[in-house]
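Consider the two complexes below, in which subunit A is the common component and subunit B and subunit C are the respective partners.
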Partner chain A sequence: MSDPILQVDQLCVDFKTKSGPVRVLNDVSFSLSAGETLGIVGESGCGKSMTSLAVMGLVPKPNGKIVSGSIYYEGEDLVQAPEKRMRQIRGGDISMIFQEPMTSLNPVFSVGKQIGEAVKLHEDVSRKEINERVIDVLTRVGIPDPVKRANDFPHQMSGGMRQRVMIAMALVCKPRIIIADEPTTALDVTVQAQILELMLKLQEEENTAVILISHDMGVISQVSDRVLVMYAGRTIEEGDCVSVVQESAHPYTKGLISCIPDIEHTKNMAFSDRLPVIEGIVPNLITIGDGCAFAPRCTLADDACRNWKTGPVQVAGTHLASCRKIDGSMA
Partner chain B sequence: MDETQIVFSARDLTVHFNLGTHDSEGNPRVVHAVDGVSFDIAKGTTLGIIGESGCGKSTTALAAMQLLGNARGKMQLSGVELSELSKGELRSQRKNIQIIFQDPFSSLNPRQRVGSLIRTPMDLLDVGKPEERDSRVDELLELVGLRPESRNLFPHQFSGGQRQRIGIARALATSPDLIVCDEPVSALDVAIQAQILNLMKDLQDELRLTYLFISHDMGVVSYLCHEVAVMYLGVFVEQGDSKEILKEPLHPYTRVLLSAIPKIDPVNRSLFDAQKLIGDPPSPINPAPGCRFAGRCPHAKDICRTDLPALRPVLVNGLQRHVACHFAGEI
Partner chain C sequence: MKPVDTIPKPQSPLREAVVVFFGNWAAAFGLLILMIVIFGSIFGPAIYGVSPQETVNAPFLGPMVDSSSPLGTDYIGRDVLAGILNGGSATIMIGAAAALVAVVIGITIGSLAGYYGGLTDTLLMRFTEFFQVLPALLFVMVLMTLFTPSIQTTVIGIGLVMWPPTARLARAEFMRLKTMDYVRAERAMGARDRRIIWQVILPNAMPPLIAAAALVIGVSILFEAGLSFLGLGDPNIRSWGEMIGSNRDYIFDSPWAVFFPGIAIFLTVLGVSLVGDGLNDAMNPRFRER
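Our next item is the complex of A and B:
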């Protein structure tokens, strides 16, 4: 694969709370190449959305802070970049698609105006040209009668249409990277299939890199090239999609996949069968300490795991997992 | 089903909401939320109703709970005809139908302690002797996997999964004949979802519970439900054994719905080969005559646009199921 356009290295983000600082991202590293889709999967609170906010320079201030690590976009460290530069990058070079198309669109402006705003901010073009760009991008995302629909307000559109508008808004400045944070979670499955297909088609046309954040292993496994599994603010497994999903190395990834009632699996289950479960709940980040974050819930864990300094261990090729029990990491 | 005891049955259940406005031809605009559905649930079994947003599945649940004044049709609970009861008589029946809600955060009063939350239905509906109710609360907490000491805590001191356990304990408090479950696991992370689903199955085995289970997730439904009814725009389009329908869907809508589910299989990316539905479901306000799915169905013929197909029995692999399609078994 070509050189990465985004390289995140050992990123740590802390939040101030009443009970002291909490590390919500701990040593997160990954890279992304042009045209690639990276899926980030994990449960609520595992840090997947915080990772995307950190890349966009949107870690909530003043409580949140990037304490160490770097985010290189085409050789430029975004952690050090001044706010003025970040404004150019946001929406221009890197743009974002949010989960809730209802709350992330402004209800009092027409969708055409909202899409045009991005062009106005990032490029020096005439009003006529902006209009043409808006119509063009609405056509590309499959909105019928775009000239008329550009004047519609968000409430006049269905959920699927609104999500298409969100995608149009993210695409209109031809970004190099799109971060889609649970882009189809609020949609019905039939609409979800339409939207995912659209995203992939548009990605191919422009060779855009996509970070797809989702809690849905099905969505991740259908669209990603590579997958990053997160748990308690750490990346615990990373590799190409087929290896991570079919030959998961980390006990958490294995557990996460096997506890899903996937229809290919349930249709052959007897009624008395039970889904395997991961016992317990996700750890409290305040009291988590060092050592393997998953050890308290892991059936394979021993005392050494609780004190093991976590780090990626090579499973095969580019497939990494941070588990002490993987061969070659017993040292 | 000769020797099974029917706990709940509905015949021609219809819920229409008059919007109080008129269309261009002067006809009143009426939302056909539920349009003549019939079902039986046998003791100790689960009927799942599955469909996309706005198909009427939650309205069906509320009608079964006797919470809608405008529901028409006949409903029987353990042989008692509910529509003929007076207000007072209906109230005395309420202890026999309880509900588990979707959102464990908003469905528990944050200012009530857990013990009081679970005891309230017993107090209000006068179930059991007052002096025995507290020990019943402890018993219920243990049953759902919580410590009896939890009774003195408030809901915010629990995680989402534990809160849903409290919701289940509350629904069980009056030993109801039927438990209506309105998307009880869709707000939970997959690892917690599996724990709750297994708990619901274990409780069903232990106490011979009867569930009416509303969901949009076919995986969950096929895992938990004996029977499933697929709902589209207020009507059932296919009804029968859940695993059989999953293996061989007959109604064109069921087929589209199943093929749109992203499967956890990164090698066969079937999501994008599947036939797609175009657009969004039509409006349930004054629906056109004929099959509700005709406008989006790839097989629609003239008759589909004029005659609403009734559910009719079809024999598949020796098992009977009901399909509402003029061409069931032929396409």
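Our next item is the complex of A and C:
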């Protein structure tokens, strides 16, 4: 594997609440190489989006704060970087695609103008050149008749079209890393596939690294090279996509995978056991202890699990999982 | 099935608003009144050609008595119609300029308070409340007596008492809009606060602000009339309020000299309010059904 362009080390983010600080990200570490797709998967509130916001330097102020850890982008620590430098990086080197294409575009400007503004923020180019770039990028994301559509307003486009525009906006400054925060969650299943395919195609063309955030294990497993599973602000399993999906070590990951609806399986099963669920809910981050965060919901857990100081355990090669029950961690 | 080319052309939000505006008869009527008032004030004096300041006829001449003074004359024989035609520009200009001052101050303070929140918001809002609790008329009266009454002092005085409601409206809009996804997306694209405030949020906050500004114009015109009525306007400039004020002692001898300027003020403010209401409806997405 080549040198990573993004290296996140033991990142901890705290949120101030009325009942004291809450650790929403706990010792999150991962790395990302050029051209690679990293999938981050987990339930709502597990810290997926917070991780991406931390990388962008957009942890909500004044309540959120990065308390320790570092984020190295090509050797530069973004946690220490001044706001001015961060503005250059945002959109220029690292850009983001949001979940809600319906509301992520400014309703009062035409899409062409909005994409053009993104260029203007980072590069000093003439109007003519901006226009060419806008048309070019709209063509690349597969918008038919881009010259005409550039003058359309967001409300004149469908969800899939808008998400294409969002991708165009993220791509137009040729970033090294794209963070896609649930890019397909709000879309129809048929459109989802198109958008994912488009992202992969564009990623190959520019050798861009992609962080794909989703709660949909199915989406993640289809497009990522490596997968990071998060739970309650911690990474609980990490490894290349195939081994995480096929030989998942952590009971939570196994649970997530068994929750994927499978039409073949549904065809011949009883009504009563249609879909397995993981019982319980994500623990309250305020009352969570040092032990394994998943223990209360885990069918394998015993008392020792609740006090076990979590840490990555090697499953095989680069495949890590933080579960006490994995062979080798019992000792 | 219809052929493809009859699908209505996609409309910009602005054009859509124009269609809704003219579909509202009250708004269209208000605009018509305003047009008449504005054209009358611009071209009326030249067409009518009678000086508003000089005695041109016998005093206390009733309307329709002498064909050379169709609306009569006041207590020193000044032509009432000439006064109305000439006074309009001062009244409207002062009203509009004062509203502009109020809206600029209001939007600046309101948007900064709403966007930054926290301590900035607290300080700016206490400052706004300070102006809000001042008795408006008294404050402007003090200003006018301290400084020489002129168009500038009138405009600034009215502007200073009119901005708090605009500031509060702008603040509310900014607090709502700053959490929108497209504002987050803009920040993720590397935009600075200045750009987000003026070029991203403000254009989205404009519709209610424009409607509010139109109403501020109406109230400012009334305020100017009130000041002139109290004799606190610039005595060298004929305005509708000044006409009413200078003739109020003779209200029983020549009621027309008070009545006609009053009607002019009433119609203008009505026109401005109807237009403001129409703008509010036209630019409010809730009313843009269909």
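In the analysis below, the second predicted complex is superposed on the first by the 322 of 331 C-alpha atoms of A that agree within 3 Å, B and C clash if a C-alpha of one lies under 4 Å from a C-alpha of the other, contacts with A are read in each partner's own complex, and residues count from 1 in each chain.
Simple rule for what comes next: a residue touches a chain if its C-beta (ideal position, glycine included) is under 8 Å from a C-beta of that chain, and two chains touch if they have at least 3 such contacts.
The structure displayed is predicted, hence computed values, not measured ones.
*Asks:* Look at where subunit B and subunit C land on subunit A after superposing the complexes, then choose clash or fit.
*Replies:* They fit side by side.
*Asks:* Return first, second, both or neither, reflecting whether A:44 touches subunit B, subunit C, both chains, or no partner chain.
*Replies:* Touch status of A:44: first partner only.
*Asks:* When both complexes are superposed, which of subunit B and subunit C contacts more residues belonging to subunit A?
*Replies:* Counted on subunit A, the partner with more touching residues turns out to be B.
*Asks:* Which partner chains sit in contact with A:264 here, subunit B, subunit C, both or neither? Use first/second/both/neither.
*Replies:* first
*Asks:* Looking at A:245, would you say it contacts subunit B, subunit C, both, or neither? Reply first, second, both or neither.
*Replies:* first
*Asks:* Between subunit B and subunit C, whom does A:193 touch in the aligned arrangement: first, second, both, or neither?
*Replies:* In the superposition, A:193 touches subunit B alone.
*Asks:* Is A:156 contacted by the first partner subunit B, the second partner subunit C, both or neither?
*Replies:* Only subunit C; A:156 stays clear of subunit B.
*Asks:* After the superposition on A, what does A:298 contact: first (subunit B), second (subunit C), both or neither?
*Replies:* Touch status of A:298: no partner.
*Asks:* Once the two structures are placed together by chain A, how many degrees is the angle at subunit A between subunit B and subunit C, based on Cα centres and rounded to a multiple of 10?
*Replies:* 80
*Asks:* After the superposition on A, what does A:106 contact: first (subunit B), second (subunit C), both or neither?
*Replies:* In the superposition, A:106 touches subunit C alone.
*Asks:* Touching A:276, do we find subunit B (first), subunit C (second), both, or neither?
*Replies:* first
*Asks:* Quick one: classify A:95 as touching subunit B (first), subunit C (second), both or neither.
*Replies:* After superposing on A, A:95 lies in contact with subunit C but is clear of subunit B.
*Asks:* Nearest approach of subunit B to subunit C by C-alpha atoms in the superposition, in Å, rounded to an integer.
*Replies:* 5
*Asks:* Can you list the residues of subunit A that meet both subunit B and subunit C?
*Replies:* Common interface on subunit A, subunit B vs subunit C: nothing in common.
*Asks:* Note which residues of subunit C are touching subunit A in the complex, please.
*Replies:* 10, 12-13, 118, 180-182, 184-192, 195, 199-200, 203-204, 206
*Asks:* Mind listing the subunit B positions that touch subunit A in their complex?
*Replies:* Residue positions touching the partner: 52-53, 159, 161-162, 189-195, 197-198, 201, 216-220, 222-223, 226, 243, 246-247, 256-258, 260-267, 269-272, 274, 276-277, 280.
*Asks:* In the complex formed with subunit C, which residues of subunit A make contact?
*Replies:* 56, 58, 62, 86-92, 95-96, 98, 100, 103-109, 117-118, 121-122, 152-153, 155-156, 166, 169
*Asks:* Which residues of subunit A touch subunit B in their complex?
*Replies:* 43-44, 158-161, 188-194, 196-197, 200, 215-219, 221-224, 241-242, 245-246, 255-257, 259-264, 266-267, 269, 271, 274-279, 281
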